[in-house]
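Below, each structure is written out as structure tokens.
In the two assemblies presented below, chain A is common to both, partnered first by chain B and then by chain C.
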Partner chain A sequence: MLKIVDSAVPVACWSCSVARNASTLFCPNCSKIQPPATGDYFAVFGLQPRLNLDLDALEREFHRLSRRLHPDRFARASDSEKEWSLADTALLNDAYRTLKDPLKRTEYVLKLHGAEIGEEHSGNRQDPSRAPADLLEEVFELNMQLEEMRMARQMGDDDPEAAKSLSEAKQKFEGLLEEVDRDLRVQWTAWEEGGDAQRQAAQKQMVALLDRRRYLRNLVRDVTETLGA
Partner chain B sequence: MPQAPVVGIDLGTTNSLVAYMEGDKPVVIPGVDGSNLVPSVVALDPIPANGGRPTVTVGNSARKSLIENPGRVIYSVKRLMGRGLEEVKNELRFFPFRLADDVEAGEVPRLQIGELRFTPPEISAYVLRQLKRNAERFFGVPVNQAVITVPAYFNDAQRQATKDAGRMAGLEVLRLVNEPTAASLAYGLDRAKEGTIAVYDLGGGTFDISILKLRDGIFEVQSTNGDTHLGGDDIDNLLLTIALDEIHAEHGVDLRAHPGAVQALRKAAIDAKVRLSGDQSAYFDIELPNGDRYQREIPRNVFEVMIEPILERTAGPCKQAIADAGLTPEQIDEVVLVGGSTRIPAVRQLVDRLFKLGERGKKPHTDLNPDEVVALGAAVQAGILADSSEKTRDLLLLDVTPLSLGIEALGGVVAKIIQRNSTIPASAVEYFTTGVDGQTNVAIHVVQGERELASDCRSLARFDLKGIPPMSAGLPRIEVKFLIDADGILQVTAREQRSGKEAQIEVKPTYGLTDEQVENMIIDSYDHAEEDFANRLLIEARNEADNILRAVEHAPQNPAWMQLTVEERSAIATARERLIEARQGTDVTAISQAVVALDQTTRRFAEMMMDAAVTTAIRGKTMDAAGNELDDKVTAPHPMAAAEFK
Partner chain C sequence: MAYSDKVVDHYNNPRNVGTLDKSSQEVGTGLVGAPECGDVMRLQIKVNPETQVIEEAKFKTFGCGSAIASSSLATEWIKGRTVEDALAIKNTDIVKELALPPVKIHCSVLAEDAIRAAIGDWKKKNGVAENAPAAVESAK
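Coming up: the complex of A and B.
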């Protein structure tokens, strides 16, 4: 059974006073726009939190809601309606941006369920001691190569051999990234269809996979930057 | 009084236009001289001896002052909008105008024009007021609401400055629209297009690239990139610098000391540039003050080598935009060219290469006039907002923010809170707390940009959260909501959660005017008095008549007058008498028509005067001859370019 996050407490419409669900953006009675909803990103689309999403349907719904909510539709409306349209559209856009991206969606769902996801600190070079255990050796070697390449660049040297082996390493790590993505999708299904114990296990797995993915992605970015410099 | 439509305005670096939806079709509104383009040039006469306001002229007539009186004319002011002192100083190296001496760091820079000082938004406001007047003359009713376009890559300060300019001109700016997105609207209007398009917009001073997905009337921007300091101006400056250096080296004459001569040389450079889009070669032949001649042929292939580094600067943003959209060049179905500089064949070759068009049997779209397409798109967006046309009812633009928004964290590192290319409106919530017991305010530094260190990004504003109830350090929890609105401008609200108190926010914009300053800079407060509208139109028409009559009165003193044929002189005399007669009446249309008629008959004279006015007379082809070689639609995008003929 999925945990329902959105509120089902009815509130009154500002315009017609008819009770409505607090998570809807329009009054079901008079169709007037309402202040920003209290539910989560899924509730904006009228969905239950889930990981396997039909992205085409999500886009269609995003376009349908945009047509109704966008500030362009409220250029001549009252000031409060303008303000709600702006806030509602921002919420819709934030929700769509998060849900359409498989990684952001996974992180979001895990956070909704209380998981702690590692924060990204931009700019920090990779700390080899944080490398996933099975990759320690390769990461160590890659960092050596990167350092040599940077040194050579500073001296004005161009080492095609080093560049070639770096490119190969990059390909390898990109392959590992794809592997992580496949593993994540397997866990999605386990999380959605399994019992309580399986859900717990899947959640733990996903947190670890996201950590691994972040590490790999930064590594690939470093290599790309060094190669492109 | 009938309501005027919401107008769409393209406030360009070199030319500005105003357009509206005529039924289901966007149409440009011409100015009093019949021309669609209003050069973004503002001439400010000295304050009259008996006091009062200085006379301000905008557009083609201001252009004429550029050579005779370069110190009192401002052009390309868009390059200075929303910029800081140091940036403006650097920019002004190529301009004949100067900064006021008393400008301090942190203030909006002001330009010194004779005894007057103006901020860039005020100068833009004069251009906007001219467009507003053109529209009012056209409709016969006041025009108070507008959509204004800005380069997609404009930052928060540049957008705010544009909005301020609108307010100063007496316009309610209903929406700022990104120029490439506006262009896509004008293109997409007549075709039920689906697919992915790229808009490559190289204008006078700015470059934008936007990638959009079109589906069911929704124009969804996927990514945008650009350079707000790259355009045709850079090519002009390059040609100008080369010519100045060569003249100095070969003839020992430093023309840089003569602003009028520099402007004349600039005009020759622009003529050459425009000519090279059609011809294989262009020619400089200029008489120097010491009697020498500077003669130089520029073949197109040499020109292309010279400008390659400038054009190549558009390649990086294009590649980044394609990558940010998660696409490859082959996945772009169509490329639309916008901006006068896309007439240059080398630009088209570059676009072809970047998007692999030729090899896919495709060509870039150029069927709409690249000078007008942005204004037409702005009119479409105005139609969407006003819900005035059946055709626009189902259209919706979903645009993005071009730059990431971040806050300065410990150690000067940027914590990004809204990533670039996020669909706007977009929001982010951050929580702040105190570091010292009893602390009652917290400062937040907001920056825009992609770099890791705050000092490398563009400082946007410093927010001071005040009135936090005194508590132990780390206990307050201040929720700050950052919201980028549909204009791409940041709004911030804050709340202390434990006490539930709205925190007060004091905003110190790093570059920009305060509300109060904008209020004090509103020009022509009588613009709001609608009951005086008919009267105002009459006064304006008479002022226009007086301006041109005064100029014609002095004409016989100019040597160029003797070069006119007897017929031309008598035609001018007749047109002048008609205008004097019309001016005595109260028929605004009759006066305007007589002004246009006199303007037309004196046009050749005005151009000869411009040619003759400078010490460095430009020989060889006259502007007129150069203009004749071009396609009829071509209207060269610079204040010094030949006037548009209709």
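Coming up: the complex of A and C.
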């Protein structure tokens, strides 16, 4: 699991003993590979932890580091270095996949800042504000409509009307998803550029938007399944 | 991970699926959701105003098999109990009965929350304080 440490804390390189940033995969002095980083995913790429991330820079660094970690380069290295190259590759891939995806990145950054989101918190009793009544009403209603359409379709086999309403529902859910994604991006900027109060408000908003998104994502999944069946 | 026989049974033959009249004075409605997995569960009760006994219980759940089984079981258990007795049902009882694995414990939490929400709604409708023992003035 991820450990949150100040990535600026220097540690000594195992090979040349020169102090280095604990998040870098290679020593900036002697270029030797280092054990898996202990900082956050952004630091692995030497990037500032931002929601509005420079994706080109991420891509560049990912490819550059992937090349440097290639097993061929460690054919004659020590066993420890071989082991680290594999562990670093796994870390690099996890970090890249998490940061590249806007939603995963948002969840990741919020978790770094103490938000209790994600599957590992699903067993906890939720903060009631996480499931506001109007959202639940809306989602329940949408689910009911979807179920009715599915049943109508089962009854009337290839009823073109039922298929049409399902397609329309799919479009509607996808539209709602896009709306959430747009709103998220607005909050990214508020979170990054605002003061403390604004930042807190934006964080709360983002948690709420991610929650809403999970409900909508399930609806899209269900309607797509029905249409494909 | 395989579902237990009891979960499969409730999933294939859910008890008490349906709707009660939300606007009725005797009906309490609880609508709860689990934001981490996107499940949503509605549980409704119809309470006898004289005896405080839950005479009817209905549910509708959009979610995984465990969520459906948990709410199905919850309606079975609360039917025939008084409101106060129903509040004694704990999610751990549901976990035990259905042999839910740790990753599905939140489904039982959701079912317990749904019972509480439905009873809370009924209490509110009938002017019973949230924490006070249910004692509705019987119909005059």
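To be clear about the criterion, the second predicted complex is superposed on the first by the 183 of 229 C-alpha atoms of A that agree within 3 Å, B and C clash if a C-alpha of one lies under 4 Å from a C-alpha of the other, contacts with A are read in each partner's own complex, and residues count from 1 in each chain.
Throughout what follows, a contact is a pair of C-beta atoms (placed from the backbone, for glycine too) under 8 Å apart; a residue touches a chain by one contact, two chains touch by 3 or more.
Keep in mind that this is a model prediction, so the values were computed, not measured.
K.L.:
Would you check which partner chain A:A133 touches, where first means chain B only, second means chain C only, and both and neither mean what they say?
P.N.:
So A:A133 only meets chain C here.
K.L.:
In the overlay, answer first, second, both or neither for which of chain B and chain C A:R217 touches.
P.N.:
second
K.L.:
Counting residues of chain A touched by each partner, does chain B or chain C come out ahead?
P.N.:
Of chain B and chain C, the partner in contact with more residues of chain A is C.
K.L.:
So, does A:N143 touch the first partner chain B, the second partner chain C, both, or neither?
P.N.:
In the superposition, A:N143 contacts chain C only.
K.L.:
In the superposed arrangement, which partner chain does A:R67 touch: chain B (first), chain C (second), both, or neither?
P.N.:
first
K.L.:
Return first, second, both or neither, reflecting whether A:N93 touches chain B, chain C, both chains, or no partner chain.
P.N.:
First partner only.
K.L.:
Which chain A residues come up in both lists, the one for chain B and the one for chain C?
P.N.:
Comparing the two interfaces on chain A, one with chain B and one with chain C, the shared residues are 121-123.
K.L.:
Going by the contact rule at the top, pick out the chain B residues touching chain A in the complex.
P.N.:
Going through chain B, the ones touching chain A are 174-175, 215-216, 218, 381, 384-387, 394, 396-398, 413-414, 416, 422-428, 452-453, 483-486.
K.L.:
Of all residues in chain A, which touch chain B in the complex?
P.N.:
Residue list for chain A touching chain B: 63, 66-67, 70-72, 75-76, 86-87, 89-91, 93-94, 96-97, 121-123.
K.L.:
Would you mind writing out the residues of chain C in touch with chain A in their complex?
P.N.:
These residues of chain C touch chain A: 31-38, 40, 42, 60, 62, 102-103, 105-106, 109, 113.
K.L.:
With touch defined as at the start, can you tell me which chain A residues reach chain C in the complex?
P.N.:
117-119, 121-126, 130-131, 133, 135-137, 139-140, 143-144, 147, 211, 214-215, 217-218
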